[in-house]
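I have a structure here, written as structure tokens, and I will follow up with some questions on it.
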Amino acid sequence: MSTTNSVVASGSVSGAPWGSDAHLQVVPPPPSLGALGAMVEPLHESAKMSAVGLRASFGAREILKGISIPLYEKHVTAIIGPSGCGKSTFIRCLNRMHEVVSGATSVGQVHLDGQDIFSMDPVRLRRRVGMVFQKPNPFPTMSIRDNVLAGLRLNGLKVAEPDALVERALRQVALWDEVKDGIHRSGLSLSGGQQQRLCIARTLAMEPEVILMDEPCSALDPIATARVEELIHELKKDYTIVIVTHNMQQAARVADYTAFFYMGELIEHDRTDVIFTRPAQQRTEDYITGRFG
Amino acid sequence: MRQSIWPTPERPPLVPGRFRGDTHRGDRVFSWITAASASIVILTVLAMTGQMLASSWLSLETFHWSFITSLEWNPVTEQFGALPFIFGTIVSSTVALALAVPVSFGVALFLSELAPEWLRNPFGFLVELLAAVPSVVYGLWGIFALAPLMRETVEPALRASLGFLPLFSGPNQGYGMLTASVVLAIMITPTIASVSREVLRAVPRAYREAALGLGATQWEAIRTGVFPVARSGLVGAVVLGLGRALGETMAVTMLIGNRADISASLFAPGYTMASVIANEFTEATEDLYLSALAEIGLLLFIITVLLNIFARFLVWRVGRQGGA
Amino acid sequence: MNIRSHFTYRKAVDRIVRGLCLLAALLALVPLFSVLYYVTARGLGGISFEFFTELPTPVGEEHGGVANAITGTLTLVGLACLFGIPPGVLAGVYLSQFGHTRLGKIVRFSADVMSGVPSVTIGIFVYSLLVVRTKQFSAYAGGLALAVIMLPTVTRTTEELLKLVPEALREAALGLGVPQWRTTLSVMLRTAAPGVATGIMLAVARVAGETAPLLFTSFSNRFWPGGLDEPTASLPVQIYTYAVSPYEDWHSQAWAAALVLVALVLTLNVAARVLVRHRVR
């Protein structure tokens, strides 16, 4: 937390495994942290996860061509880029969901709290790195309540105070007041936006450390989208969030950091305001000004 | 493991033992169990093939090809030739197909193209029920309802109008090839109809709409837009029906008269491969007799399996065209 | 022929074909209603309290029943479910996950081959496999034969219905840190359960009426079987025996037994139907 550290940090970056990677941007933390000390907070204390030379393929097709990027703790990182740039594949690698599809492979490293996730049990990893999907996918056979408890129950866990847990998770996603009278209804009885918040609550109930969101609003109407964005804002106080979005305004609204992916490569990664106002790369600028993609 | 460049920050550790068990072990055990279950399916088919061959071996060795060319079936002299049963099976199935195919296609067209939407499901369900009635109940119904009707009304009428053909001449008792074929036709109609219906459904709407758009009537649209695409699938449906007819046992056994003769008349009693097994298997005591019956079972097995593979191939082809 | 009269001709052909199709559809249902009518009309008379509680009596004696055949059929179907459903469902689970592999394709092919094998052949198979070796007709053998008939249906139904469950649900569960096996059982199979249950009920309905394979496996028995390793009576075999006998009172017993069997089979079919409708909602 000291200013001297920050100097060292920028030096140490070049010695890092991914330091030699040409795409890497040294990213200062956002000014929103307020205090001057925080502004120059060294990288290494705030990166919750980091990818190091991550490559991923489906069969012979390489989707990610060596991604190195830190993901800062209790911040929102948005991944943007044109369709097929590998942004979904990237976050699916972060909790090893990529490899559940047959023919999918990955090489390189991803660290979670300094530990390589590929040496971890994927199931245990996914309990720490939760995921919210593009389309709301509540379990159709379960009630709203059971959906929230699903992760715990399916892991064979006895929940001491299930009602309190359900209420807390649903309050966290601001769904409680809307559903508290019909908590035993099917999860499918909710609107799309409510379903998506239910899915987020289901993820929160597992008490993850990182939440990955794969275009969580693409199936939602504008009002529901606004609710979810508000929610993301709330959640980043406690969680590290990575969100994939095809909507640049959304990235600008919710993210502290933004990474621009193109053709499986990380083109630029910086504070969101920097990416959107004075990007360093021509391709980034072309994309955000709508010249392609 | 590689040392990370970032030291671990403080975080609330997960309560130790919060999640039970080694997840890998569960997955391993489970995939092992499902693979073993899947293997049971393969093993059953292999065991069936092996066991049927083994049971038929004595007969195969003794009679070679004469088993399927000889007319003589005599347990007393231990001469076993299956030709009368093969003949009976072919004739009864052919007649059954001739009766069932037009009706089944009519049903399939009605259900997939012509019937009003609200009628399709209930009607389809009734056709399925036709398939659900047990064979032995059809047999019972055949003995007491169909056979008298055939004996007193249908067969005399046929003789009166078509009696110049050897097919419809000779004495008629109501039990025989024709009655068995009628019951077989009833039993295979739902099979042919429901597979045909699926085949017709698999033909993309655009095909018939193109014809309708050119001013064709509905029948013309079906004939020119649907049938050419569906043809092989419809043949497949018929072949599946044939497979069922060949193996159908109880109702036929109860109605065909069970006599190992070859007769030109459809009124005469006959015998099929399946019904000779049903009738004589528990009575057979000699090894060779049992083995001969098992060989008939083996023949039935081989024929129906080949027919099924062929039919599935045909039906599958339409599904693929339709999907393209 | 001018265009107008040609058009009239075409309209007429169209109408005739439609009429023929309707006729075919009605014709196809005549046997169904005839069977149902006969079974009800002739069967109801034979139904009595004794019919469900008494053993069969020799010809000429009044008040016989088919109690042993009813329990026998339930026993055989129960054994068939026991032997057939678990491997069938699990094999279906296997196919839904690994159906594209070489082994998967062989399994699917085997199941399709099996489903076309005549039931009488399966009877010979189980006879040679079990009855010859144990030198005993038994409920086990009958149950096994029926299980072999059920197995391919259960396998393929389970596979098809699991494939209908959205992949998103698997991902949702895996994303929550639920192990693969638990995901498959508690999420995928649970979601497909109504459909799988329907498929199983239809398979059960089919084997409950099977007769041919039982002739040489469970055989028949005029008395209560002493155990599962003894010959066991069943409704279909009893109907067959009574139907081909020359005795009037046995015939009426056959009709009554057929009524019970048809009621059982139709109930299963209708229940399966209702289950599907309930799922679709």
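Note that the chains are named A, B and C in the order they appear, and that numbering of residues resets to 1 at the start of each chain.
Assume a residue touches a chain if its C-beta (ideal position, glycine included) is under 8 Å from a C-beta of that chain, and two chains touch if they have at least 3 such contacts.
All values reported here derive from a predicted model rather than from experimental measurement.
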item: Most remote chain, CA-based centroid, reference being subunit C; value: A
item: Top chain pair, ranked by how many C-beta pairs fall in contact; value: B-C
item: Rounded Å distance between subunit A and subunit C, as computed from the means of their C-alpha atoms; value: 51
item: CA centroid of subunit B to CA centroid of subunit C, Å; value: 14
item: Centre-of-Cα separation between subunit B and subunit A, whole angstrom; value: 55
item: Multi-partner residues of subunit B (at least 2 other chains); value: 19, 23
item: Junction residues of subunit C - those touching two or more other chains; value: 177, 179-180, 182
item: Residues of subunit A engaged with two or more neighbouring chains; value: 123-124, 127-128, 155-156
item: Touching residues (chain side subunit C, partner subunit B) in the complex; value: 10-11, 13-14, 17-18, 20-25, 27-29, 31-32, 34-35, 38-39, 42, 86-91, 93-95, 97-98, 103-104, 106-107, 110-125, 127-129, 148, 151-152, 155, 177, 179-182, 184-185, 202, 205-206, 208-212, 215-216, 219, 236, 239-240, 243-244, 251, 254-255, 258, 261-262, 265-266, 269, 273
item: Subunit C to subunit A touching residues, read off their complex; value: 100, 166, 168-180, 182-183, 186-187, 190-191, 193
item: Of all residues in subunit B, those that touch subunit C in their complex; value: 19, 23, 26-27, 29-31, 33-42, 44-45, 47-48, 51-52, 54-55, 102-107, 109-111, 114-115, 123, 125-130, 132-141, 143-145, 186, 189-190, 193, 217-220, 240, 243, 246-250, 254, 274, 277-278, 281-282, 293-294, 297-298, 300-301, 304-305, 307-309, 312
item: Subunit C partner contacts - residues on subunit A that touch it in the complex; value: 95, 97, 100, 102, 123-128, 130-133, 135, 137-141, 150-151, 154-156, 199, 202-203, 206
